[in-house]
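As written, the chains take the letters A, B and C, and residue 1 is the first residue of each chain.
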Amino acid sequence: MWTLFHKFGSPPWLYRLSGSILRWLLPITVVALVAGSVWGLLFTAPDFRQGNSYRIIYIHVPAAVVALAGYYVMAIAGAVSLIWRMKMADIAMRACAPIGAALTFIALVTGSIWGKPTWGTWWVWDARITSMLILLFLYLGVVALYEAYENKALAAKACAVLSLVGTVNIPIIYKSVDWWYSLHQPASIKFTGGSTIDPSMLYPLLFMILAFYALFTCALLLNMRAEILQREQRTAWVRALAGERGGN
Amino acid sequence: MPASAAGFCFRLVRRQLVLGLRRPVELGNPLLFFAMVVALFPLGLGPAPDTLADFAPGILWIVALLSNLLTSDAVFRSDLEDGSLEQLLLAPQPLYFSALAYVLAHWLLTGLLLGLASPVFALMLGLAPTAIPALALSLLLGTAVLSLIGGIGGALTVGLKRGGMLISLLILPFYMPVLIFGSSAVQAALNGNPAGPYLAILGALLCISIALAPLAIAAGLRISVDT
Amino acid sequence: MASESATGDVLLRARELGLERGGRQLFSGIELALQRGQLVQVEGANGAGKTSLLRILAGLSRYGFSGSVERFAPQLFLGHQSAVKGLLTPRENLAWHVAGEAGFSPEAIDAALAAVSLYGYEDVPSHALSAGQHRRVNLARLFLTRAPLWLLDEPFTAIDRAGVAVLEARLLAHLQQGGGVLLTSHQPIAVAYPLLRLDLATGALQ
């Protein structure tokens, strides 16, 4: 267990591991995204009230779910970085922020596009949209803080503190915003209670959520690999790698 | 032989208060800012008393929040610049309590004064007198939470030369629950409902912040001093 | 090898200290065990990392260096900045100092201020004092502290010759009482006491 932990701290090991994971995860992600989209868009029945416009949930909901989960991944990486001072955790945390911000942005834009036919307006200050907007602010705050520090090791620690503060605050923000305004449809997917969404719509949605998790993982690993190479550019193993590629 | 943690905290609060009180003009600045921004709203929204009274709870709370935000940047800045901060970090007493002492002094010099002065501004905006106790109480509780959260932002950005704008980006999202419950308390009192539940939630937020914010402030200060 | 029984005399121990800044190795493999009664001067050219080393030893720099530091006694760290508040008088600055030592008696504070020749300035707001006097207010802490371990970064900068002599006498008294001092200085130190030199470039302690 402990040796595994130490291995995760080693850049070349992580670089090779992520390479071999991506080799099979990347094609699977692409196939899953395409298959899920086709399933959701072509092979499900239209909603009896919203017609076909509801189909945007196959992008909107997974993006929102993974964006929120991404913040917690970032905070966990931050905690590891603060407690065990692991450089690779710094890199993982730094890589999470722009991906999470992009997913949050996708969720906001698709929500807005969905809102136009449903509510007749591009933007409604409803609880979930507002919460997503605040989540976007939280992500952008982390990016801004990281960029403001010149010493990148300290930047990562500062961002780790900020994202941990965020994890404590996100439930409070969500609950308060939820309470502040509840105009949206009641939460539809509940694994414990009775589901109000038809299984024929639910399964492609769950499938797309998994596909988005895979997408997040791929983006995270690609981002981390780029950062590892940049940080370790002077080391022998990166030079060897570059020489290998250059030689071919 | 170090001083006891409680005695040291008391000494820090006293020191910060003396430093604040020797610059009375700076002490008045947040209040002046509050008054000026309150004066902007009739200019922007029109002077109709009904409109202003409708918006008054939100306006007063947002202005209080901005005024608190602007002072948060300065909580640790002069101490970093003259080297006091590194001495504070080397003190044998737990930094958790020292951070709490700094925030307490900051609140006494900003939030407390703001809460006490708020009835005047409320009357200027035509807020019904029945809502004024709720306004003052919610501001007293809420600004304490804001000072604690602002302290986190201040600690994380104090080492940066251009911290002013950044600190707003970092901590404004965390201010939002306080704004929601603070303005709701005033609104409830305005509508003749009890404000107690909202004040209780603000109190709960204050308890959580007292427990957790000093940890984040301490971590932020250690990072900021480590250059 | 220093055995465990000797740790009672060790105030500060550093093992395998190394620091890299901007891709450049400032120092590496620094081994240090500062014992009671030892005076160590850190030597190195400008930019060699003397201040960085002191900040690591004091515990102010926590990230980005390799190796370990252990302190076994309360420390007094004097850095480049004087930590003097312009709005407070020298007396208040010392009485309410943020370094967290127990309260000093007014007599002790007055005596310390007199020792750094600030007698007569006790109740003047510090912003009316010169930069050199600010440094003296800070140095007055050397006459108040009960911490055995002193880490001093350029303590003699901007101090006149008479002031330096007083400080050297204070250092000597502290060392003879069993304190340990580690300092950086550009001026030669004229203390009638064995002086160890830590060369940052080689890591050798002589």
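Assume a residue touches a chain if its C-beta (ideal position, glycine included) is under 8 Å from a C-beta of that chain, and two chains touch if they have at least 3 such contacts.
Keep in mind the model is a prediction, meaning the values are calculated, not measured.
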Higher-contact pair (C-beta pairs counted), A-C versus B-C
B-C
From the Cα centroids, identify the chain that ends up most central relative to all protein Cα atoms.
B
Measure off the straight-line distance from the CA centroid of chain A to the CA centroid of chain B, and report it in whole Å.
33
Intercentroid distance (Cα basis), chain C paired with chain A, Å
48
Chain B and chain C have mean C-alpha positions lying a whole-number Å distance apart equal to 37
Scan chain C for residues touching two or more other chains and write them down.
63-64
Can you pull out the residues of chain B that are in contact with at least two other chains?
223, 226
Identify all positions of chain A at which a residue touches two or more other chains, and write them in rising order.
151, 154, 157
Spell out the residues on chain B that touch chain C in their complex, using ranges where they run on.
1-3, 7-8, 11-12, 14-15, 18-19, 22-23, 78-79, 81-93, 98, 222-223, 225-226
In the complex, go through chain C and note every residue touching chain B.
58-64, 74-75, 77, 79-88, 92, 96-103, 146
Mind listing the chain A positions that touch chain B in their complex?
82, 134, 137-138, 140-141, 144-145, 148-149, 151, 154, 157-158, 161-162, 164-166, 168-169, 172-173, 176-177, 179-180
Partner chain A, residues of chain B touching it in the complex
152, 156-157, 159-160, 162-163, 166, 169-170, 172-174, 176-177, 180-181, 184, 205, 208, 212, 216, 219-220, 223-224, 226-227
Note which residues of chain A are touching chain C in the complex, please.
85, 151, 153-154, 157, 234
